[in-house]
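Heads up, the next two complexes both have subunit A, just with different partners, subunit B and then subunit C.
Up next, the complex of A and B:
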């Protein structure tokens, strides 16, 4: 008898569970962070909270390694197998939106009005993606190095000028204490180049493409300002101030901590390790090369795929994830910059007086998004190669001309990438 | 007209079907597809419709010209020379950019130049990177094919002996073939590292510190050579095994006869071993040539085509353009050209090594 009741209860429970699950429509989601347990934990926590908070939708996450994530999405789009929710790297978003992989988010804009500009992904006047965090880059050094070299500590209000920056590098080189004055991270090929170095170009007054029309790079990537940038860039390597394209990746990871470099141009994700090594670590703002100090903005963001039959549910999940507690959780887990002041106050590192609060201020003051155009995907590759070639001693004018030609030919082949006046 | 192939040979066709089917599906059809794509402006992803563009992809890749530069002269008509006494020339970009007088050079870039008297001849091409990658690929094949085949033959001769523990050597030589090329490339990147690479350290140790450490992969002069050396080492074991199989088909009686006749070691090799290896040699040479033309993984892992395009290759450019820059038609065009190139060379090799 007892046996029967237990069985009955179990049956009841399973059917109950089954009907409940059936009532929830399943939403699939792809994420780029496979292999990072902390990141997965936060995301799974948000998903579990969302699934429990309402009875309409049930989000299921599938994670991919970052290196193959974009390829997987492109392949899935070609095969017509996109999930409902995808995450997308900020500068790539316009390409996917233009190609028709994404549809605009159905999110009340008032929810994101306090967000930093970087995490908001607009294309063609519509919000296609929104990030739960941003990233920032700073010139990492130690107070003791600045003091030894007799250098002024630059501030957000008064960053180093080009002359001051050059003088600082020369001083570091002449001190003889370092293998190289500046570690730019040339070992990190790929998106790091356009992400972290194109702001130098923009600070000089050039750009990857003319942002008024997005139809040409002529005069922007090979104008006087860009040539000046190119000459300066080449000088860094010709004068042995910075390790070149063959920098050992291991030296990039730990070289600054080992005392090989006086300055390191590095992202907030590397900040924790450095701070743990040196107590007097300081994060300096980007120098002003003449056109205002600049750093790159926009990191990974969430969007809804065009294949989704339930964009309302997908948007509901994304909106749910935008709560301050989750923004703070991501930041605490992997050191990313929370996108709102209120969430920043909830984190260990970014609250007022927190060890990395400076990155929040940097993002707020200096961040500039990469060109918002579907052609960015190609422009980034062309720019990366041009920078590597110039660093290796190629003629500056010829290299930038070649880059301009390639970018313009690509824009033309793509019928202007859908930019309308 | 019924031949063996068509009469009551259903079983034969049945057995051949899986092989034929797979080859057709993954090699023949993709080739025709690539040829079709190379005539269009197909993008990897794009909302724009695909259009036929005729041969313009080929034109963009292959356009090449020679520009003659007269040295700069001052008002008196004497040539302006720099500190080294070399004449100064106007910049190539003054001819190739926005110059209506030279429409044939519009959009071209300098590939290389040479002097003839006081004028400079500059070879300009629309797609310099393509020409550089073609030249790099050819250099790679020209060095790797004979060196790898020769080295593999030497190793095969060495291990074709009945010695105790010879299998250990066979296994050691063959090991790099079994390891993934990506792993091997990563390891060699460490060996070649300019900071603390094994190669630099070893050379310094052997020369008692006289040797200056080099940036093997970061210097345009040594990068391709470094990749050649590594590639030869990596695949030599595979061809060694093919040579070894060839060696073991040569009848021992021939060697006995040769030793009775009093042939020296060299004579035995020259008149017994080498003629016996004829077919193996043809196979090894063609296989190495084809593999060398397909050079990709080492480049992708070790140099990404740099520095200054000194290691970029045709297959690397195909992938870089087709996938990286989303230009499928451009990638397809290069692969069609590569196919025709390899086909021509294989046919020439077949002709030169034919049975006479």
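Up next, the complex of A and C:
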């Protein structure tokens, strides 16, 4: 009898699952995390929870390697083959929305009221994407280095000024203990340049583009403040304070731990390795170059493709994923910054007193999103080239003027990228 | 006098061997670096790059990078996909391009030279310029399979094979080789009453070993190294080839040891193929002056 009951229950359960699966509408999702098993595990867990939590939708994930993810999405958009849910890098989102790859999210925005600003993907007044984490950079060093060089430890309330920062670099160089005073990560190309270095320009008072109109870079990328930034930037390399564009990638990976550099401008994703090497690792806030200390913001975010015939289901999944337990799970798995205070308290590293809690505070206090415009994808590449050229000795004024011309020509070619005054 | 001549000969031989040895070392060092690095942990690998240790199996040696590489990505699947796509494409390409070349070399028909000129002219068209139009085309092409009529070739093996079967370089190689064959052979076969198909199969192709090897190796390398095309036409892991798979290893904290292990694994089919074909390949280069 007992056996019969068990078999009956199993049959019922199997039939139930089969019926539920058959009734569920499939939602395809593309994700950039192929090759990252920890990230995949968390995402698959969320997807499994969502699929089991309701009977309308069944999300199926296809993962792509991050390096080629954007090209795959653009090609699929051209071929009319986009999935329902895609993830998108925050600064790229306006371009994809403007290009018609994305549609606005249908989620209750009160859900994200308490989110850090970086993960919220607004374009043209509408929410197109939302991130489950943010990322931050800091000036990494050791307390013993600060003490040996006789330097004040800067704080969020009182970061180093330009003069203090320059003096710190000079002191490190004159100590003779390091190959270079500062590791900027010049070996990392691509988005690293605009993400991590444009905040320096913005702290000087310049920018990639005039954010009032997004119609020109004139005066902001080649104005007085930008020129001051360019001269300072070039001085870092001309005075042998930092390795330039020929930096060995291996030195970027382990140079600070090997004692080659006194300071390293690096992200929270690299923090754990460094902390494991030095017990007295400290993460210092960005210096204030005159217009407030700044660091970059916005990482990968979820959005709904314009091709989706089920934006309600796709949005339902994204809203489901925004629960604190999942935000904390992602943070614990891959070390990125949870987007809410409540989820931060659920993590090992970002809770009050946690080893990386400083990054949450840095993001909250200093983060500035990159220009929210479809033209950013071009502006980022122009800025990257200009910075590399200046680092290699190009004339600052000529280089920035040329960059402005290129950005303005691109904006004009694209009829202003749809910005309304 | 004779002694001096023998000394000169010995010296020349010694110099030749030294130069050849140096060249061999230069070519073998990158491979050696790759294999040795694949056996070392990432931090040691990076430290060793500054010295000759990079080329030696010293320090903390093991196969962890290989097991980690297989955990990170479906390496076997990627290799299988690449070998399948490459193998089928090479075979079909050799057959169809040699048939076309046979026609260009031995048959007389209207517009033959003009068409050959057009085919050879395609060599100067970079693939990047036609990638998007080709993508739009294949995304809408019909196909009749087990599931009936379908439209769109994306996410299939055929989309990685069919567009690459015929190409100007392979046709050109065969045409050049066929034109150098003694015409008397063809004429004798015709006198004997052989059909064109019989001449192709029984006279020409048995003599075409060197050019077959050259065309096969060149095609193999092109297909095995495919990146852009599979990147834009394949959105499912189950059809991804090795070069797109390489991107799995470039994370924020790049696993260099695993990358070297992956590269070592995916180099094996290339080396094996070359070793099998090398005698015919060298013979072909020597006889035609074609450089790969």
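Simple rule for what comes next: the second predicted complex is superposed on the first by the 402 of 421 C-alpha atoms of A that agree within 3 Å, B and C clash if a C-alpha of one lies under 4 Å from a C-alpha of the other, contacts with A are read in each partner's own complex, and residues count from 1 in each chain.
Operating definition for what follows: a residue touches a chain if its C-beta (ideal position, glycine included) is under 8 Å from a C-beta of that chain, and two chains touch if they have at least 3 such contacts.
Since the structure is predicted, the reported quantities are computational estimates derived from the model, not experimental observations.
> Could you look at A:246 and tell me whether it touches subunit B, subunit C, both or neither (first, second, both, neither)?
It touches subunit B, and subunit C stays clear.
> With the two structures laid over each other on chain A, which partner does A:100 touch: subunit B (first), subunit C (second), both, or neither?
After superposing on A, A:100 lies in contact with subunit B but is clear of subunit C.
> Would you sort A:189 into first (subunit B), second (subunit C), both or neither based on which partner it touches?
first
> By the touch definition at the top of the document, which applies to A:219: first (subunit B), second (subunit C), both, or neither?
Touch status of A:219: no partner.
> Of the two partner chains, subunit B (first) and subunit C (second), which one does A:235 touch, if any: first, second, both, or neither?
Neither: A:235 stays clear of subunit B and subunit C.
> Once the shared chain is lined up, is A:397 touching subunit B (first), subunit C (second), both, or neither of them?
A:397 sits against subunit B, while subunit C stays out of touch.
> Looking at A:78, would you say it contacts subunit B, subunit C, both, or neither? Reply first, second, both or neither.
both
> Overlap of the subunit B and subunit C footprints on subunit A, residue-wise?
Of subunit A, residues 71, 78, 248 contact subunit B in one complex and subunit C in the other.
> Tell me, which parts of subunit C touch subunit A in their complex?
These residues of subunit C touch subunit A: 42-43, 46-47, 49, 71-73, 132, 135-136, 139, 152, 154, 231-233, 235-237, 244-245, 247-254.
> Help me check something: in the complex, which residues belonging to subunit A touch subunit C?
30, 34-37, 62-68, 71-72, 75-76, 78-81, 248-250, 253-254, 267, 269-270, 273
> Contact residues on subunit B for subunit A in the complex?
Residues 41, 43-48, 60, 91-93, 97, 107, 109-110, 128, 193-196, 215, 217-218, 220, 304, 306-309, 320, 323-327.
> Sort out for me which residues of subunit A touch subunit B in the complex.
71, 74, 77-78, 95, 98-101, 189, 244-246, 248, 251, 377-378, 381-382, 385, 388-389, 392-394, 397-398, 401-402, 405, 409-410, 413-415, 418
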